[in-house]
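Below: a set of structures, written as structure tokens.
Presented sequentially are two complexes of subunit A, the first with subunit B as partner and the second with subunit C.
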Partner chain A sequence: MSVVTLQLGQCGNQVAHQLFHVVCSDAQNAHKKTYRAESCERFFHQNTHGELVARAVLVDMEPKVINHSLSEAARSGRWRYGESSHFSQKQGSGNNWANGYCVHGPRHRDVVEELVRREVERCDRLAGLVAMMSVAGGTGSGVGAYVTQCLRDIYPTSFIINHLTWPYGTGEVIVQNYNSVLTLAHLYQLSDAILVHENDTVHRICSQLLNIKHISFSDVNRVIAHQLGSVLQPALTTDSHGVYSRNPLGELVSALACHPEYKLLSMCTIPQMPSSSIAYSTFSWPALLKHLRQMLISNTKMEEGIDWQVRPPGGSGRSMGLTGGSFNTSLANLLILRGKDVYSAETGGFEDPALYTSWLSSKEAFNSWKSPVPFNKYEKSATLVSNSQALLRPLDDMVGKAWNMFASRAYIHQYTKYGISEEDFLDSFTSLEQVLSSYRHLC
Partner chain B sequence: MTQSVVVQVGQCGNQVGCRFWDLALREHAYVNKKGLYDEALSSFFRNVDSRKSAGGACGVGGRIQHLKARAVLVDMEEGVVNEILQGPLREVFDSTQLLTDVSGSGNNWAAGHMTYGSAYREQILDKLRKAAEHCDCLQCFFLIHSMGGGTGSGLGTRVLSLLEEEFPEVCRIVTSIYPSAEDDVITSPYNSVLAMRELTEHADCVLPVENQSLVDIVSKIQLMSHSAKPGSVIKRDSTVISGQGGISGPEKPFDAMNNIVANLLLNITSSARFEGSLNMDLNEIAMNLVPFPRLHYLVPSLTPLYTLADVSVPTRRLDQMFSDAFSKDHQLIRADPKHSLYLACALMVRGNVQVSDLRRNIERLRPSLPFVSWNQEGWKTGLCSVPPVGHSHSLLALANNTCVKPTFMELREHFTRLYRKKAHLHHYLHVEGMEQSFFSEAIASLSSLIEEYHHLDATKARLIPDAPRLSIAT
Partner chain C sequence: MQRTKASVSVEVKQVIGALCRLLAAVGVDSVPAPESFRRAKFGGGAEEDQFWQLLSSILQKAGVVPSEAGSQLGGEHRKWVAAGLWQTGYHADWMYESEGGDAEGGRSLSSRDLLLALGWLLASGTLEKLLTQRVQQLDKTLLTSVPVNLHLSNEFQSDSASLRRLQWLTGCLRHQGRILLSMLQERTRLLHAVFSANLSSTASSSSSQSSTVLKEDCSCIRQLCDLLEAYLNWTQVEKVFWTWMDSVVDCHLTGPVVKRPTHTPSGNLRVCHHGTWGLEKLEDMLLRLPTAQECNTHTSIRTQVSVFIASILYSLSSQEGQRRGRGDVKDREGGEKGQAGLDASFLPPFISSLPSVPALSQVCRARLRVEKPVRHRSCTAEDVHSGAEAPCELPVSQAAEMLLHAETLLLERRDRQRQANRTQLQEMIGRQDLLVLIPP
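== the complex of A and B ==
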């Protein structure tokens, strides 16, 4: 089954480009033919020259990033983007969600829908759509939300997943919290699941785990693509009887997003290290999984600085770590293991009912996928996609900052100019407060 | 890619504009080695083949034939424009882009705004429309003018309102040169205050530049290059006041000062013209930096002012560039943003700088910079990979900061001193269409602007609690 990816805005285009790069080189290095074939079918089709062409639609309101992506991909010699699967305009959305959602989105609806339709028709069987974008700017967030809405109308029964890059807490776009609030509130009604990467977290991974001195956006995007690739590449599910799962997005959604009030998925991967060190490192599954489990319950997104004091609550209520870190309650977790001796890995630690909310049995709440093929040069690697309280804090910060700004009505005139009223803002705030409240009371 | 049109009005506007076109050509010649007319060039230049009929515009991708500036030049005397037409830049302008008169505005805002504004209205509109027609996606008008005289101040602000009327969708960024305190034009406080009201009401962003700051920066650089300590030699083409490598010949007085403003315009548009890992389009400037429509005065600062020829520790030099952008000496108006209140701040970086350099410096500088309570993280950043000629990297900071208030208050004071005695008022009131109410309304507008900054300043010392959040029934 195939996945059609939508790359929206500067960030969405850059991250998705890296994703195709990662899955393509991973598949081509894989020794297993079935894995290779399944991965290729999932993300690429072949054109008449036998070249791999990404199943992607590139959308941006300005041309520079898309032009760059097209030529970079073609230069790689391994894969390319389709000749006419991109759409760009001359003038960006200017960091204004309202400009993207109310003006650019509707204006270019037909073209974008047609591009997606063509890409979907090229798939023998459609597994679903992944829309990738940031929430901070105007095009990814505004046009992205609008396009997701259109896709929901056209493909009411297909799986639609959004991958969102959350901005750095400070320093990218000043109105980013407004744009984020508007995007998330709208996507929450439309998307089947929302996968989130926070730039701040990924930046720390780059500096502390990968030891990169001068971190560029490509470094950040590569980490995101690695984690995302490790989820989306072929894997065997528990009941797939030795055949690679045919329905990756559907399985992902059913494993993790079982309740419409809870759709925010975070992820973490272990191990992550400079590529030069990989060859000199050995890993054992018990150690990797022990770390990963502690990363989950203490809500640490990387293997450095884990708070080992945090424990799941015993019979007697909440438990706090000595250092004040609190236990991260999960609704559902999906563990994806790739590499050597994968069938010997013991995942029992993730099936502990104490990790989960009381209203789901750990059998329903926990799933694992496995693949014996090493992923992206790592002999063993484990990725955990988690629907938990992990994003509660950053989301609460985002809403809080936006609300403070809204209280003084700063920047509102920029949005009303394009037809987003104060009422619309209030609606979005209300629905996100609802989401926050749901996650806060998860136990 | 989008295009911008530069509208230069009055003597000062045209002199600055002239330096801008010279340096813009230098920059593109430096970056564009193939001699092809590319997207980056198209944002400020048309490519014209004179052998073809009807203007003979050539599309992007072909060879450079004949570059024409996307500009409209307006002056009510002939001197400066004639000089341009006899100089090396004459090739980039057509006579159809020029509009001049002979008698000047006599340092009278009313003469520029009312008399010439009405007489030339249709001609100006016609030239603006022509320039706009040559663009396939016109994003921004850059108006360059001075505040103190008659033409730049009066007719310049008239052009501004024409732009708003005719092209409401197109962004209007105004570079306004403010007179020094000891200006030789006696009526300059009148002209400036009358112009201020127009700027406050009709511009999307105003980049105020003070003559005195330019003088200070020039003398600082010249002092540095003449002191010539061993190891501190300034690279020849690496100062913001240098025109080295441009097509204009020997430098004229004011060229050094005007080059600074020209560099400001080059840097503000760099991210819209060239590639980068974090693009910053022109329409993002107002979106991020203007929280309330009237408070759109953005204080610019440029760093580094020069690059030393010796190679010292690069990281330290890079961090120094960020520190300098917030120091008093590097602001293009005489103001101290560090000791006032930031509403928002943009850092537009060019050259070999990574996002981690940006983040490190923001984290480092943040504690020393006061931001308004609801915008504690009011930073907007852009990374453009093409550095200015002669530099490895550069930074333009745009600060929406209450530090503009003293400049405006000083202006009001000078205005009031004249107005109390009704000095020179009759020169203005003679002009048809001019009434005394213009004066009272202009000063009221300025006062209320000062008041708005004042209100924000007053929040600085106080601890503002977070707004109580919406509560959800569970």
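== the complex of A and C ==
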């Protein structure tokens, strides 16, 4: 039961590299043999020398990041990338989605498909594909969307999940909102679920929880990888009957994204702290879960600054917190608990029907996975993957900014020259407005 | 022309061969050869036993008739088969005939009747039932369907919340299906690996126990594949079979009596019997005259209507409708005059409320024992006994005149009814227009 990862573009390659690093070190530090074996089978295969080789395909239009990843992985001595499971070019996509989607994607389609096919054929059983990319740039977003489309054609019944990194709101790239809108609109049709990390949120976690002074991309990526790893590492699910789930992606999607209009998943993990402090901290499940629950309903992505005033709506309407934060309605939640005494953890707080929409019972909307093995050095940790209104505001901002630029036709010629017409833009706007409206009226 | 006919017959033979293979694959015993089907179409006597066996085997497999009914060809056994057919909704004359009829020679049963009964069984989905049973036997990993809790449908409201919930549940099911599919793929892969490993190390008798299980599993899967392949082959050519079956029905209609000529009436005593029979045919024909036409008009209107309100008005597909329509004709031919010609379950209420014609046909009945009554369908052209002399005979010309008159009357009546039906249908369409149809 294996997961094949696609690393697309600079961001995708860096985050995925970090994910393999986290997963591998977590598995090797774990004392439970079955956990270790299961985790290794999920993410790695063994080559003839007995080395762990990541089940990954690396794609970028520039060689720099891929070369760096390959050598870094080999240097770790724990795992490596496959000798020929990467593809790069000399010329990047220039942060232009259209260039990636209309030019680079189709041009290198065969090579990339062949690489993926080889990885898939190495799996005894394919649990699914995870494509990791950012939405702001050109290669990750444009080529990524194109490759996802090709994968959907080749593997129509496999689970395909996209992990997207959303750019800083202040902007890394001038056309990032165009790229984001086009990527999201395309992926929404193709992907089974879209896992989202916002750079802004993760940045705040780095500065406030991890106390990092000069935050680099690798710090941000490490946090993302930690959260992702805690979801993707082996766990006991309701369907797995006492053994580690053989179908992580399928069960994730079944638990969270069964409705075609609601595919955006956000994540938060507790606790997160500098590794030096972990040894001096004690955790209790009730406290962790109480915090996590309040983080969910007040839509706070980290332990600090939780608005404790927000309450689930009673009989009438939705209640507002004193600070003006409103209640975050969930469609579905998946709680993943890892660590000591995990079976004693009481998750009843998440089964409150008031947290969910009226049309889905909390029994269907809430799922929990458990693993007695501590994850990534934390004695106890809880991750919540949530299909809720949490991403409504950032998505709305993104679409709003893109629309303002589009209204003045700014930079549009950069896209039309590669074959993305204004009509295509309008289609993308329309479909995202539909998504926004669906989430807005979730109650 | 000859060649096409020949190629058609070859094709039919192949198609029937496909059916036979499928029947054998679902576990039905004593399946006749394709050639027997052809002979049975013409009422061959030798095939009768084979078809009794076949029907009884199918009915037993399908659980309609208890298997204790046995397979010996006694009268008792035939009663079981007839009862089984009756249970599946098939009705024919011969089923009501007493055994004594045999001796008297009035028996109208031929192998064609049994062939038609077989056609009925196939059309009513018995084959699919048998197939499902067999697949469940062979594939032990299949989950038998869990009884669905139907209370949901009662409280179901078509508001947007329920719709969303339904979409969610559908999506959930779809995902579960994909998970199962990938499990199946893994299983196949592993089985293949084990199988090929077994082949390479043939002399490993130590693991005999596990390998027997595997072998059984393997042979089951092979049978399953054969079965599904047979079904696939059948479904691809099924259409040809039904066309052929139509020709069997036609054959049945045009030459209803195969064994009758053997009891040629020799005197006036017999005349009465045959005369009555001819009269019944005629009356039946007259009965059919308006209804058959009504039926046609009705069908053509229905196709138009079905464009708008297909799923709501009738659940019948037009093909089935035709097939059943034919069966209907056949049934009436068989002499079920109790119904006013048309199956009420098949028709919407306004068609079955036709004014009945018997009064008119009664008028004609007394006088029409003559050759060549006005015929509207060639298929009823059978030999009305010309040698039969009856006291209430009329001159031919007069009879023809009367018949023509009757025809005009009936045609008028038909036109009126057609008009009425059309207005009614239009009203109904008007009402249905207000409904919002949600595509499946």
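The working rule: the second predicted complex is superposed on the first by the 441 of 443 C-alpha atoms of A that agree within 3 Å, B and C clash if a C-alpha of one lies under 4 Å from a C-alpha of the other, contacts with A are read in each partner's own complex, and residues count from 1 in each chain.
Following the convention adopted for this analysis, contacts are C-beta pairs under 8 Å (C-beta built on N, C-alpha and C of every residue); 3 or more make two chains touch, one makes a residue touch a chain.
Bear in mind that the values here come from a model prediction, so they are computed numbers and not experimental data.
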Subunit A as common anchor, with subunit B and subunit C clashing or fitting: fit
Touched partner set for A:T269, first subunit B, second subunit C, both or neither: neither
Which of subunit B and subunit C A:H203 touches, first, second, both or neither: first
Contacts of A:A410 with subunit B and subunit C, given as first, second, both or neither: first
Which of subunit B and subunit C A:P63 touches, first, second, both or neither: first
Contacts of A:N367 with subunit B and subunit C, given as first, second, both or neither: neither
Greater residue coverage of subunit A in the superposed arrangement, subunit B or subunit C: B
Which superposed partner A:V253 touches (first subunit B, second subunit C, both, neither): second
Partner chain(s) touched by A:H214 [first = subunit B, second = subunit C, both, neither]: first
Which of subunit B and subunit C A:S134 touches, first, second, both or neither: neither
Subunit B versus subunit C - smallest C-alpha distance in the overlay, whole Å: 11
Sites on subunit A touched by subunit B in the complex: 10, 62-65, 68, 90-92, 94-96, 138, 168-175, 203, 207, 212-218, 220, 399-401, 403-408, 410-411, 413-414, 429-430, 433-434, 436-437, 441
For the subunit C and subunit A complex, residues of the former touching the latter: 161-162, 164-165, 167-172, 174-176, 178-179, 181-183, 185-186, 189-190
Interfacial residue positions of subunit B with respect to subunit A in the complex: 1-2, 39, 136-137, 139, 275, 277-279, 281, 283-284, 286-293, 344, 354-359, 362, 366, 373-381, 466-467, 469-472, 474
In the complex, subunit A residues that touch subunit C: 1, 124-127, 157-159, 192, 247, 250-251, 253-254, 257-261, 357-360, 364
